[in-house]
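So that you can tell them apart, the chains are marked A, B, C and D in the order they are listed, and the count of residues begins at 1 in each.
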Amino acid sequence: MTKKLNVGLIGYGFMGRTHSNAYRRVTNFFDVPYEPVLQVVCGLVEAEAKAFAERWGYKSHTTDWHKVVEDENIDVVEICVPNNLHAEIAIAAAKAGKAICCEKPLALNVPQAEQMVKAVEESGVPNLVSFNYRRVPAVTLAKQLIDEGRLGKIFHYRANFLQDWTISAKVPQGGMATWRLDIKAAGSGVTGDLLAHCIDTAMWHNGPITDVCAMTETFVKERMHAETGKVEPVGIDDACTFLCHYDNGSLGNFESTRYARGHKALYTFEINGEKASIAWDLHDLHRLSYFDHSDQSIVRGWRSIHVTDSDMPYMDKWWVPGLQIGYEHTFVHQVAEFLQNLAEGKSTSPDFREALATQYVCDAVLTSAKNKKWETVKKP
Amino acid sequence: MTKKLNVGLIGYGFMGRTHSNAYRRVTNFFDVPYEPVLQVVCGLVEAEAKAFAERWGYKSHTTDWHKVVEDENIDVVEICVPNNLHAEIAIAAAKAGKAICCEKPLALNVPQAEQMVKAVEESGVPNLVSFNYRRVPAVTLAKQLIDEGRLGKIFHYRANFLQDWTISAKVPQGGMATWRLDIKAAGSGVTGDLLAHCIDTAMWHNGPITDVCAMTETFVKERMHAETGKVEPVGIDDACTFLCHYDNGSLGNFESTRYARGHKALYTFEINGEKASIAWDLHDLHRLSYFDHSDQSIVRGWRSIHVTDSDMPYMDKWWVPGLQIGYEHTFVHQVAEFLQNLAEGKSTSPDFREALATQYVCDAVLTSAKNKKWETVKKP
Amino acid sequence: MTKKLNVGLIGYGFMGRTHSNAYRRVTNFFDVPYEPVLQVVCGLVEAEAKAFAERWGYKSHTTDWHKVVEDENIDVVEICVPNNLHAEIAIAAAKAGKAICCEKPLALNVPQAEQMVKAVEESGVPNLVSFNYRRVPAVTLAKQLIDEGRLGKIFHYRANFLQDWTISAKVPQGGMATWRLDIKAAGSGVTGDLLAHCIDTAMWHNGPITDVCAMTETFVKERMHAETGKVEPVGIDDACTFLCHYDNGSLGNFESTRYARGHKALYTFEINGEKASIAWDLHDLHRLSYFDHSDQSIVRGWRSIHVTDSDMPYMDKWWVPGLQIGYEHTFVHQVAEFLQNLAEGKSTSPDFREALATQYVCDAVLTSAKNKKWETVKKP
Amino acid sequence: MTKKLNVGLIGYGFMGRTHSNAYRRVTNFFDVPYEPVLQVVCGLVEAEAKAFAERWGYKSHTTDWHKVVEDENIDVVEICVPNNLHAEIAIAAAKAGKAICCEKPLALNVPQAEQMVKAVEESGVPNLVSFNYRRVPAVTLAKQLIDEGRLGKIFHYRANFLQDWTISAKVPQGGMATWRLDIKAAGSGVTGDLLAHCIDTAMWHNGPITDVCAMTETFVKERMHAETGKVEPVGIDDACTFLCHYDNGSLGNFESTRYARGHKALYTFEINGEKASIAWDLHDLHRLSYFDHSDQSIVRGWRSIHVTDSDMPYMDKWWVPGLQIGYEHTFVHQVAEFLQNLAEGKSTSPDFREALATQYVCDAVLTSAKNKKWETVKKP
């Protein structure tokens, strides 16, 4: 008989929904060793927490995250709150012996991230950071193709993450909907929010980053704070571009901005190897572009692989060939593996330590931009 | 307090999964007047029915569909079995006063379909036929653009539905996995299975079809029967192409085949109007192509609309701009509207009578192909 | 030393320009056995003929085509006038022993076309009909892939030719710019003008067409005549769609219209074979889409072949990989082969007899549409 | 009567062909004030120069470029030789009072480029540097859209130029076919060859570049010299990526490499403005992607503008809507404007001084890469 696993969710925003949905769906599609039970959701506004609990089937709600962490009945703590709260909650949860799934980026900054790693490693709790894009089937397929050696020596790994939602100077900062624009809540702008995804996937695909040289910009210098109504300086980076070297000798080029008119969530990457190349973008996430130089020359061309067949990563669990899945399924994949590993007492990749490596890169990027110099990246 | 609605599912195949998933998810995303309760699933093989019930949370299972239809506790009957069983079950369910959601095509043939319409209309039960592709947000948006008059007079409406899964002569006919190739279970080949979708959407977008002229082909003449192991003649149409006129004076061109190498489920349509054109395909279902002749000439071009913003049909219920949904969501949309209408005692479009119109077109298409003549389409 | 070849051009319209350009360029890129000399251009309006001669380097001009045909100095007659003049000029040129390159479609109708074939075959003059799209490198590559057996048995060959330039009822018929809308000058509408291209390429790729069933429509029933100013009934087909069988057992589906808003010259075809499929369109003529089922499944997808490498048909003559050529180059390829064959006294494919086969299909299509019946296609 | 203009071409390689073709074609399509006469071609190997002269219609040939420059009969000198010869020839031609069209990049390095500017400005000869991609109609259209203010404030201008032809270590350096890999002949690798194009267009579109920070790499460290057969160190940059600021406050990100498997000549740019965005790539050069935020939200999307209509830049000179032109036409456009300006004694943009600005950027890029520091760009 499948064991129950009691889940406590902290944060009922956008990420709270994606994580709840993942727990609600995983057993319908994946054979997992636990039956997740949504025990409690925690959030700032009680009425909203209550409504969220009802909609998603949480048995109770609270406005005090300590109650979740300290609840003996809870097996897993899901951290879906703004970045400035990750460290405190995660460390408390680790001390309380809870398994932890924490939203990305791991922390506000490197010192917090290091403490978090220390906490989970000392307590030995299984942990995971929700860099969900690794588990888009096409992105996982890219990893598989690289690991099989199909690309040969890699020369270039480029990634962009382009949005356009903050172009208007009327968008406020702070508050529940726009905390990502508030340096206190977010720690950084696009670097921690968007480039962290690109960096996590890039290092998973292509190995560690050696050094970086970055440029950041804040196009809108002041914004009203959503809670206080006061106009305050904007502390985050609206845009960030950086060059890098990888330890394997390849070159990297990353760019993220929230000022790329026409793009909502256009995360793209392209990898150029000696023998083959790969490209992908989040706006058509179910496709992978692949160029194989070993094809006969007159029929050689970029292939658009519709990643829906049952031999593609994760796709045997879903529908039939030709029928695409979407964004939310990445969280289901993540939870499925998290549950599998939990049963063996193991963490799931990327765990806190891996996420620390990404935090080191982000930190080096921001330092480089500030100092206008190349920075060597610390290794975890 | 939300009322419970007891659901009985007949058929645990591919469609049984999509319908179950829709009921499991709808309350998390839509505000509906009922809380669906998955009461019973019915299927041929008891062990499989039991496993399905466990995976999807049905309280019980059975191998006798009469028990579902006759169960006083059941409010809604979901018919997800091969086409040859639709009529008998639906008529029994109608007589038992159940609301009905029936998979497409409505029936094996016109006489059955007419009896089914009669049954639901005499009993007055709310009913729905699951032509789910109407509720792809991009397809619904197309309907909205047409209704707003943006296309002006329509000249052409083309649709294709291309697959490639039966090219091998080793694919059997009959049985649970391949009943769609068995004329007795399916009634026809691509016409009822695939073109029925295209025809339903086309008439929803562009109004009734007047007359048709069709060509069908069966490329593989004999296949082994999956259950008997005997090689038998193939009775279905492997491919079907037809010309038609619409009542509004526009021209239609439809093609479906399971012999289009490289396409898994490539349902496409293109509509050419005096002022604008629209194109869409199921392999990138979250995009709508739109050409507006009123654009200034030097910046005029086909627009690729990424149908993910919250002002797009259904999309306020899901995630954030740029993040796509997939195939299965169409069934959630369908169930959300079905439940809303149920609370008002109404059927949901396309109901049995609308589906009968599609059956008339399919019937005329098959007759035309047989007789090699134009056929006038009967109207419901 | 290269021999001179004296060319006489009849018709200085759009096609007169493409043919002149081809003769002016061919020796720069291809090694041909003749040096073409542009001797005389003939057209209706003397001032325009004179200006054309000056721009393109013709030594003289005339308004009487008989003078071109009867000129002993002329080796080749290029026929670039409206369709109703093809037969008379071609027959006269054949009798005068001239090599002939005639614009498509071969003639107004089948009787004319048969007389033209008779004339060139009796006189033995080398001849060519300018179905130029065969010589788009990507289209030629498609032929090569088919001939190599890469597609296996072919199931489907679809082609469309979509335009939108006559949607406005204010576009006149007749005259020099719009003779294609005048039934007397053009013989038919989209069938002879556009579908003739599709049919020629289709039979080149996929063999003879057995029978057809067509539907035509004239959306705008009356138009002003450009020369008389009188409003007259429109005699041409604005749109034509037809089904067909090929002798090899595959199915065809063709559509052409000048009422497809958003498409200027969107000639497309797709071929589905047992082992592979091919697709192409004229709006990106330098690309060929190719799907090879023998690719390993996890990296299988439609390939977009950028047909610019030097091992692609004709491309060794042009620039370097990655740099595309355009529409006009098809005429250069055609002339290069015409000159090569001339030196051996041979006709160039498609010659008049091959073009007669296309004329038979067009004739059957128009008859079928008129009679609303399937028509068997006559073979040349 | 049109005046004759005597042209002397130095260099019969790839660029010699594109320039010759442009002169041969320009009068057929454009109304220009001169009739160009191809007088003499100069190249290293006499037999090849002779063959080139015959193919392209040059009246004579020579192996000594001084004879071209000093020939009183020559009006225009076309410089199509490796970069290390540009300065000497251009300065001599300027002193001899010839109009000059010089291939890009202007020079091996900044000191040479400054001398060349001085020479043409002192002598007052009309001059032009052949950054031909400005005159792709879609690229010119982009300039027009920017100048009309449609993009509003610009935030980002990204460009890439990706090739893959030098991945094999067996490709030699030096010699006539591969001088671009020889530091002595080329001055740099991708920076001068490919990024120079991107930089020229970027500054034309978006104004001057303020400062840069670059990274270069030489993946293959040694190559055989094509002439000597000796293996020598490779001095060029195989890849170069740089960040920059523009004077208008926008951010730039450029990358070029010859190690991007699958790309032959993939020059791309994307411009993100407050109100609209633009994207383009050379592999489909006849299309411009355009996103206009002022479109109504439910029909907003990236537009693919097929730049073939007669109201598009240059396109009234060519064929009819829907029919694309190719790479070589950019040189025809360039020559048409060069001839127009010559008649008025004016230089054509980009002239030597504008090209010097690009040279300053390239120089700063290479210095930055060497010193691993940001570099301020000198202004001409």
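Quick note on the criterion: a residue touches a chain if its C-beta (ideal position, glycine included) is under 8 Å from a C-beta of that chain, and two chains touch if they have at least 3 such contacts.
Since the model is a prediction, treat every value here as computed from it, not as a measurement.
Of the two chain pairs examined here, A-B and B-D, the one linked by more C-beta pairs in contact is A-B. Remark: chain A and chain B have CA centroids separated by 36 Å (rounded to whole angstrom).
Chain centres here are Cα means. That of chain A falls 42 Å from that of chain D.
Averaged C-alpha coordinates put the centre of chain B at 55 Å from the centre of chain D. In chain D, 263, 287, 302, 306, 309 are the positions where the chain touches two or more neighbouring chains simultaneously. Because contacts link each chain to all the remaining chains, their graph is best described as complete. Across the complex, chain C meets chain A through its residues 141, 144-145, 150, 287-288, 290, 292, 295, 297-306, 309, 311-312. Within the complex, the chain D residues that touch chain C are 14, 17-18, 20-21, 24-25, 27-28, 55-56, 163, 165, 263-266, 282-287, 306, 308-309, 318-329.
Here chain A touches chain D in the complex through residues 155-156, 158, 162, 164, 167, 213-215, 217, 219, 239, 241-243, 245, 251, 253, 255, 257, 259-263, 270, 272-277, 291, 293, 302, 372-374, going by the rule given at the top.
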